[in-house]
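Order of writing sets the labels: A, B and C. Residues in every chain begin at 1.
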Amino acid sequence: MTQPFRARQAWRLADLAVSIGATLDGDGETLITGAASLDRAQTGDIAFLSDLKYRKYLEQTQASAVILSKEESQAWADESKIPRLIARNPYAAYAKAANCLYREPVPQGSVHPTAVIAASAQVSADAVIGAYVVVGERAVIDARAVIDSGVIIGDDARVGVEARIYPNVVIYPRCEIGARTILHGGCVIGADGFGFAFDAGQWVKIPQIGRVLIGDDVEIGANTTIDRGALGDTVVENDVKIDNQVQIGHNCLIGEHAAIVACSGIAGSSSIGRYCRIGGAAMIGGHLSIADYVTIGAASPVFSSVEEVGVYSGIYPLLPHRQWQKNAVQLRQIDTLYKRVRALERELDKRKDDSDSSSDGSIL
Amino acid sequence: MTQPFRARQAWRLADLAVSIGATLDGDGETLITGAASLDRAQTGDIAFLSDLKYRKYLEQTQASAVILSKEESQAWADESKIPRLIARNPYAAYAKAANCLYREPVPQGSVHPTAVIAASAQVSADAVIGAYVVVGERAVIDARAVIDSGVIIGDDARVGVEARIYPNVVIYPRCEIGARTILHGGCVIGADGFGFAFDAGQWVKIPQIGRVLIGDDVEIGANTTIDRGALGDTVVENDVKIDNQVQIGHNCLIGEHAAIVACSGIAGSSSIGRYCRIGGAAMIGGHLSIADYVTIGAASPVFSSVEEVGVYSGIYPLLPHRQWQKNAVQLRQIDTLYKRVRALERELDKRKDDSDSSSDGSIL
Amino acid sequence: MTQPFRARQAWRLADLAVSIGATLDGDGETLITGAASLDRAQTGDIAFLSDLKYRKYLEQTQASAVILSKEESQAWADESKIPRLIARNPYAAYAKAANCLYREPVPQGSVHPTAVIAASAQVSADAVIGAYVVVGERAVIDARAVIDSGVIIGDDARVGVEARIYPNVVIYPRCEIGARTILHGGCVIGADGFGFAFDAGQWVKIPQIGRVLIGDDVEIGANTTIDRGALGDTVVENDVKIDNQVQIGHNCLIGEHAAIVACSGIAGSSSIGRYCRIGGAAMIGGHLSIADYVTIGAASPVFSSVEEVGVYSGIYPLLPHRQWQKNAVQLRQIDTLYKRVRALERELDKRKDDSDSSSDGSIL
């Protein structure tokens, strides 16, 4: 059922080595036509060893080349004639190799005849606009951006150089998408933040007049939503990676290189530090600050700021249902349990004191 | 990076006061062109003081006018000549002022030439239909409704007076959207509820023949989903506010003025009381009833009905990972811990009894 | 407010019995025009008794026919002349009857003039393609498939016989949808899995060259996202039912007949066994294996593989906020509480030993 996905053109291993910055050890004329895991690789595939628990697959691999560290290559030296690419970070090197092999051909600049583009919009001549795309007044589409079918881009919005917008994405007015940024299908950028004042028994809507500003080299997953700011902007900095079905509330700031895994939510006016790793399914409250380099574990709720670097978790343990029921009974009254323990401690102390002070040994 | 967003036209402060029902104290000819926070306001902006921790910004504010309560205005009386708008609820008054300033111009009734509208549909002459909108058979679009690009409206659906439907929303057949209701990008109204019967080793689909009925003045966030009922309807009452990525299951009833924050989910056949505040990321089980005025805290799961007014929480505390690991070990066996405490209590009682009954003081 | 939804044509009860495989007991000429619950049924409706807590409604029901088990029918024998359909599984039988009554008419094969279909695509003559659909190069749309408005189908994708794709769905290139499979509005199939390698201070994207393969008779809810595999494919087997706003990560395998309720998330490379029931709002970590027939409770996080059949829960109990606060204090230090209990136990043991060894009864 798994069909090998062939690269569009073969690469000489020597050229691939240069392209990804790895050291060639073996026949540079080897032709590489695809990437695969060590155990599934066939002739023409390049594979990699990163997680050492897969080392056992080296022996039998049918790969035409393998990316691995210098140490691992030396350990494997006498067992095979398969050429190697030596890299300090084999996983990243594999990523770069796969990017070379599977780089999608960039369509030539073209605008589908069905695209509706406002007269005042500025669309770069080499941008690619798909079928049924709508581009609003004064919107700007920069060089070589690729806008897929069904995308709706609002007035005064901007899509950066070589950005890639997948089908049916919605970009609300005045929002900005940086260079080489990728937005996956169905995501919605710039909807109103959730702002209401309660007055005389009903809600009054607070206009959300800020924008969403997304930096360069960002990737945003399918059906993710990022709200525009109430007064200021919601900002996602460069090289942030956001997975599917993530919600970013109005006026958040997501720091450079942060990664937010699927199903996470960040409430309004919170800031996520640079290089943070959040989630999946983490829930972060509003008006909080998460320091740089913090890792918030999956399914963990965060309702205070986190100021120290480290890994934080808040997952409830899974148990067979009956055991969970018994534990839940106790958990509901854990405060009482604590008081009972404290009472026991005091009682024991009291009896000890009584015993110490008693001359005839009467006790408790 | 934050550009001030100017209102489309300036307002005389006196007119703004009348419009929002606040009392003017100062020069009513002051021209207001925007709204901003106290610390960021510039000439032409109106700001507000609601949360007293921002009171310190009053001294230095560059705002041309400030909305605040009578008490706060009196406290500030001798320090500034900045005109004030006195309001009982400054936050709500600010919301109303911002609505005046930033009211989007309502486009004149128009139907984009690319809209596909069924012959039997009834579209009000002053409704606005955007590019690539599809309106189904016998659907009704009421006066001054605004349907943005890419929206798909099913047969027999109805969109109310001055409703605002943002791009790429999907409204399934027979569903109804009330007056002035706002649906944000990508939300899906009326997909089938999750109904299946299991029989002879496989699933049998149960047709979901109810509808979704959404009242007036409702706002529904981006990529939120509300399912049609199995037999009866799923109902969202007037003035309900639902954030992004919320899931409402079939046959739910959401009471007037309730607010449901992002990432929450409500399983089928549950009812949420009037004025409830739910979430974010709250998860409410099926066939439950949440009384009026209840607040369910963020990230809190609810699996029994809640009958008493109050605030309820169910968040697992976040801890540094190693501490969380140690706690998780104990939490998995908290029922055992309780039994050990109870055993200690009985042992102590027993030793006391033995001591009391012993004449020669022998003990434990 | 609840309008009865009439079936498009009436069914003779005798014909319905044959169609759903139930035994007729009563007048087979009875005309059935709709389905309803026992308490709301009117003349022409068929109702059912499955959950015995609704048995009380039998007495007063206005239904023209009732589906129930043989035992329940015998218990009801002398009280009414309402014809019955006897079925081993009344709920499933009702589902089949409702399917007969409410079967949507399948539109004749047609391609909307606005559909953009690549010249190399193969679209079956009796498929139905709606307005503003885009079908990519070499894509295949099989017999009697129904593709609703605004759906975007990528190059080399395939949609199976009689599949039903609701509006604004996005199917990325090379993904395959099986026969009779239903995809609800806004779902996104085949977006890139979340794969990045971190190197020299920034992220390197890992191309996701696998596909999504969805089997036959699957149903996928609104705004659900299923990611394509990194190297191999993401696979959803036959007769799987997935609700709204579910996230399935790259390279997952979802076993036959599994049901995944709304708002759940499954991280990459995990496998869900056959007949599993997951969620709602369950969160399953990556690289895990859930055995066949396992039930994971709602709002429960799973971060280890589950190998034994059973029901598993991990929900934090909801409490009034103040009680939750007190408990949270203790829960944060439950490891300490355990140590205090253990210290008490040791102290008691010690005092007992001392008492036993003491000849003059001195104690503690």
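What we mean here is this: a residue touches a chain if its C-beta (ideal position, glycine included) is under 8 Å from a C-beta of that chain, and two chains touch if they have at least 3 such contacts.
Note that the structure is a prediction, hence the values are computed from the model and not measured.
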| item | value |
| --- | --- |
| Turning angle required so that chain A lies on chain C, C-alpha fit (0 to 180°, nearest 5) | 120 |
| Interface residue overlap between copies chain B and chain C, same or different (over half shared) | different |
| Chain centre separation in whole Å, for chain C relative to chain B (CA means) | 26 |
| Of all residues in chain C, the ones touching two or more other chains | 114, 132, 150, 168, 186, 223, 245, 315-317, 319, 331, 334, 337, 341, 344, 348, 361, 363-364 |
| Chain C-facing residues of chain B, complex | 114, 116, 132, 134, 150, 152, 168, 170, 172, 174, 186, 188, 191-192, 194-207, 209-210, 213, 223, 225, 227, 231-233, 235, 245, 247, 249, 263, 265, 267, 283, 285, 296-297, 300-304, 306, 310-317, 319, 323, 326-327, 329-331, 334, 337, 340-341, 344, 347-348, 360-364 |
| Interface residues, chain A side, partner chain C - complex | 1-3, 5, 35-37, 40, 89, 91-92, 94-96, 98-99, 101-103, 112, 114, 130-132, 148-150, 166-168, 182, 184-186, 217, 219, 221-223, 239, 241, 243-245, 257, 259, 261-263, 280-281, 298-299, 315-321, 324-325, 328, 331-335, 337-338, 341, 344-345, 348, 351-352, 355, 361, 363-364 |
